[in-house]
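Take this structure first; my questions come after.
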Amino acid sequence: MNLPLSLRRLLTIICEASLEPELVRELARLGARGYTITEARGQGAHGLRDGSWGASANIRVEVLCDELTAEAIVDTLHAGYSANYGMVMFVTDVAVLRPDKFRGAPG
Amino acid sequence: MPFEPVILFFVLGLVAGIVRSDLKLPGVVYEALSIFLLLAIGLKGGVELSRHNVADLALPALVIVAVALLIPLAAFPVLQRLGRLPRADAASIAAHYGSVSVVTFAVASSYLASRGEPAEGYMVVFLALLELPALVMGVALARRGAADTRWGKLFHEVLAGKSIVLLGGGLLIGWLAGPEGIQPLDRVFFDLFKGMLAFFLLEMGLVVAGRLADLRRAGVFLAVFAVLMPLAGGLLGVLTANLLDFSVGGAMLLATLYASASYIAAPAAMRIAVPEANPALSIGASLGITFPFNLLVGVPTYHWLASHLAGVI
Amino acid sequence: MPFEPVILFFVLGLVAGIVRSDLKLPGVVYEALSIFLLLAIGLKGGVELSRHNVADLALPALVIVAVALLIPLAAFPVLQRLGRLPRADAASIAAHYGSVSVVTFAVASSYLASRGEPAEGYMVVFLALLELPALVMGVALARRGAADTRWGKLFHEVLAGKSIVLLGGGLLIGWLAGPEGIQPLDRVFFDLFKGMLAFFLLEMGLVVAGRLADLRRAGVFLAVFAVLMPLAGGLLGVLTANLLDFSVGGAMLLATLYASASYIAAPAAMRIAVPEANPALSIGASLGITFPFNLLVGVPTYHWLASHLAGVI
Amino acid sequence: MNLPLSLRRLLTIICEASLEPELVRELARLGARGYTITEARGQGAHGLRDGSWGASANIRVEVLCDELTAEAIVDTLHAGYSANYGMVMFVTDVAVLRPDKFRGAPG
Amino acid sequence: MNLPLSLRRLLTIICEASLEPELVRELARLGARGYTITEARGQGAHGLRDGSWGASANIRVEVLCDELTAEAIVDTLHAGYSANYGMVMFVTDVAVLRPDKFRGAPG
Amino acid sequence: MPFEPVILFFVLGLVAGIVRSDLKLPGVVYEALSIFLLLAIGLKGGVELSRHNVADLALPALVIVAVALLIPLAAFPVLQRLGRLPRADAASIAAHYGSVSVVTFAVASSYLASRGEPAEGYMVVFLALLELPALVMGVALARRGAADTRWGKLFHEVLAGKSIVLLGGGLLIGWLAGPEGIQPLDRVFFDLFKGMLAFFLLEMGLVVAGRLADLRRAGVFLAVFAVLMPLAGGLLGVLTANLLDFSVGGAMLLATLYASASYIAAPAAMRIAVPEANPALSIGASLGITFPFNLLVGVPTYHWLASHLAGVI
């Protein structure tokens, strides 16, 4: 057996943990069907964020979606948050099994 | 012995952080300890409250909150004019200093306890009450005239924030259950309190050591502000307490509340409500300078003030 | 005071979750607390056991386990026929209700202790014994006729699962070491028990609040089932206890064991052994409804039942 | 110095934490030479899994391997688990230094 | 709106947690502008590293950077550490919004 | 009762790991517990120290450290010649055995306490002092002649490592604050000590079970070494203690220090300073064999030795 894989986008967002509630709402609004979060720490333009207490924790959010959704999310988050929050986003091409799981709006 | 031994744990954490020790209290332990401390303080206050008539506290509470609002109102123009800080930063820092630090309060209570100096048990009610108003004031100052303020989010962030939920929830549980109801929990919430505080202070020392870089960004003006502001707040607290006929211990605790700057509720709330304010400045000042200053110098000073000014008003 | 103050922590967690507070007890704390509670309960039971002749418990244990198996056997057809649930789901839910909830048992013990009502100390042995059989029964019901049952995995999952290892290990250690051997550990395992239970209930409140969405999926039938089933189980427990000449306290504890539904061992075991069952249904019912129901209504009810039915058989 | 990089596949699996023991056995059986796990939480077709307790925790498993091994793993896990378990898989092309480390069966 | 994305490298390093302090120093020295760390566990040529205690914990480090920086880091770490430490590195192509954030040396 | 009940928790963890239980104490709990134990032991020692003249300890300390250096010096050629181990591995293992295990020391103290056998309270000072020298010696052995030794890193790694920071910091705090200053912290640091040790031993059992595979790599020679080396060290400890006129309890504790092998400070330090040494060998031997051996057999043996050899020198 050799199942057919389809191309989708994997959008990864690394940002301050305090953004999580808003971020999750935005993702749902923009049509993401799901997301995965891991706890992270790091360093960047906003200095060291070592996760030693709430205010210095980061999260790493992954969203598997189609190209249009990824673009919409990147654009919205960039406009709404990157001026005031520590945030990094990048997009990768990935192959997935059940591409319908990661379409834009439900349907 | 002019200091509280528990403060030595803060110093140990600070030193460990500065010498780049691999000692780290995992973030999860920080979370768990802060939940413990908030809940324990709330319960203690609630048990005390159950011994009083709550209505009697309404007037002092009103006075205490009203006077507390003077702190951000005074700090804001100082920060904006003298410190030449942008409006958002001035407002956010003012909010931090108007709000309160739960751990500084806990250390001050320990300080009193180890001296056998009594204090009104219901002071913790004011601790809970003082958390929010200064944050609202700070946002109002940041947003003066602006239309898009996210008030809803701010109120939700603070009122449903863990400090209010745990302090308030603890107060309520302690009040409902009363001394006998809480007694089987004493072994955890009261007997372990001071040891847990020691651990938390160790962790805070490590956190502060990690934020020393932020201090440099903050600059000299903010450093001076972070030392003078608590002294002014402490004095205001002692005077207000005199007005309300509190004991020396109570006056010292109110001074500590006014003098302390929030670093749990305020950073979280300001990040949501005034995102353009730079958290390195407000946290650098409140956690990097004012918190250790209060621990090492402030608390004994407020005690001295409370003793010497007792009865002046 | 008709309730155990410790339950207020559950309510606080529930409310915090419902108002979407940022209060979160990290998953690691949940883990650590559940390990503490399981081990402490086991040790306590083991110490009690060392005061008895173990052989004397064989007969009651047999009766208690045999009667307990009636619970999944009765629940299964009700869920499948009346509830029109698929076989796998009916079997998995039946297994959850046949097995037991350690925390509900702990709350019931606290309830007795704070009323000064004594109970057989070795009840915790039955707690450990009741965990497994209903899970085996549930899998048998799910797999009737099927050949590919992963019995090996199921037995391993449950017998080497943390609840049995910690309860059983604690029992054994307590039994081997006896009261004097365990005494230096009392400060942690016994004195802190109730405070830790309070924290765990706070966390459970948060968890239950997060599963309220699952309740909607569960539907009205399952909601009614999740209230009536524990009442029936509680009654069965009281009657069985009467048969075995247990004290009122012991009858109330056995009622609680029969009435409670597992949400630590059962979900883990069913996920491995009956993967096609939907965990949202079984956990929604057992954790979302039966657990709070037992805490708030069930435990006092079983006490009432045990007092009023004492000696009827 | 400029070391030569070779192409390999990175297979990422996000699934319920309770699957871990079986998953790890399957990976070894299918020829993976190693794996990396991080704790995760998220949302998807099976609802919110916020990691607040054992039953709602996810894991994020990464396997560096060659194309055949990746396919074998995807096919096996899809057949065995995706009907009954919350699970997402995706495959990315990555460049690695020591490609032999990530071959299929040891050899 | 549709913001322009540029190509950058994402270098992922999985290694023993005890290497973290040195690694972070090396990354800064070699021109990385930031990094993100998550706690990890896993298995590989050096056996099982299940994270149950300090000595068996791994970290997963991500560095977004340009191609030259990625190469420099891979070469340096390979030369300095892979003989004696459990370590895996891989490089992926990713699209980012603000490519200047992830250049080599500050400038 | 020939054993300390607390050891049963180690056995429980070991068994749980071997039967592949899903019981796991999260790594964070391991961290938190080890911080607690190190700090508590340090505080206890510091309080004792405040009752003595520190200068009086200088000479015994010197003797104890000097004699301790014989251990890696003797172990190294044995490992390299007899065991045919590469220089780096022989040196690293020698360093592990020259350094000390804090938890083994804690178990030995518990063992004495539960027998009512007194011991010099300041033994913990030697525990802190013995951590470092053997590690330096190990690196010197590994690097003999080599020029690129990272001495700076090694010293930083150990002196700023969490064991020295917490033990040393605890000693200092206990010494500065004295018995009355520490007293409010007793509930956490002293009363909970043994219970926390029980949890830590449970976790160590799980960790050791996970490292049993490493044991196979280690081979028969290393297994024999890991049993004989602690016996030799224990004997050396008893003799040195006699020389210094320690009590039987003190002799037994010094024997335990010499006999025990480090698995907190040493692995971390060796990983940095002698990276080409294979940690599976040193940890497999010290944690997989010597640690359980000392817990189950060594500690009572050293007590027996100390009692029977009392006064021979």
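Just so it is clear, A, B, C, D, E and F label the chains in written order, and each chain counts residues from 1 on its own.
The criterion applied here is as follows: a residue touches a chain if its C-beta (ideal position, glycine included) is under 8 Å from a C-beta of that chain, and two chains touch if they have at least 3 such contacts.
Here's who's who by UniProt: A, D, E = Transcriptional regulator; B, C, F = Sodium-dependent bicarbonate transport family permease.
What you are looking at is a predicted structure, and each value in this text was computed from that prediction instead of being measured.
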Numbering shared by both copies at the subunit C-subunit B contact, with half separating same from different: different
Identity of the chain that, by mean CA position, is farthest from subunit C: E
Most widely separated chain from subunit B, with each centre as the mean of CA atoms: D
Which of C-F and E-F has more C-beta contact pairs: C-F
Subunit A (Transcriptional regulator) and subunit B, separation of their C-alpha mean positions in angstrom: 35
Between subunit F and subunit B, distance of the C-alpha-averaged centres to the nearest whole Å: 41
Separation of mean Cα positions, subunit F and subunit A (Transcriptional regulator) [Å, integer]: 46
Shared-contact residues (touching 2 or more other chains) in subunit D (Transcriptional regulator): 38-39, 92
Subunit F, residues touching no fewer than two other chains: 20, 22, 24-25, 28, 31, 192, 268
Chain pairs that touch, as defined at the top of this document: A-B, A-D, A-E, B-C, B-F, C-D, C-F, D-E, E-F
Complex interface listing, subunit D (Transcriptional regulator) residues touching subunit E (Transcriptional regulator): 1-3, 5, 8, 10, 24, 33-39, 64, 92-98, 101
Residues of subunit E (Transcriptional regulator) that touch subunit F when the two form their complex: 16, 18, 22, 39, 46-48, 50-57, 81, 83-85
Residues of subunit F defined as touching subunit B within the complex: 28, 31-32, 35-36, 39, 156-157, 160-162, 165-166, 169, 172-173, 176-177, 181-182, 184-185, 187-189, 192, 268
In the complex with subunit A (Transcriptional regulator), residue positions of subunit D (Transcriptional regulator) that touch it: 12, 14, 38-45, 58, 60, 71, 74-75, 78-79, 82, 88-92
Parts of subunit F lying in touch with subunit E (Transcriptional regulator), wherever the complex brings them together: 24-25, 27, 30-31, 203, 206-207, 210, 213-214, 263-264, 267-268, 271-272, 275-276, 279-280, 283
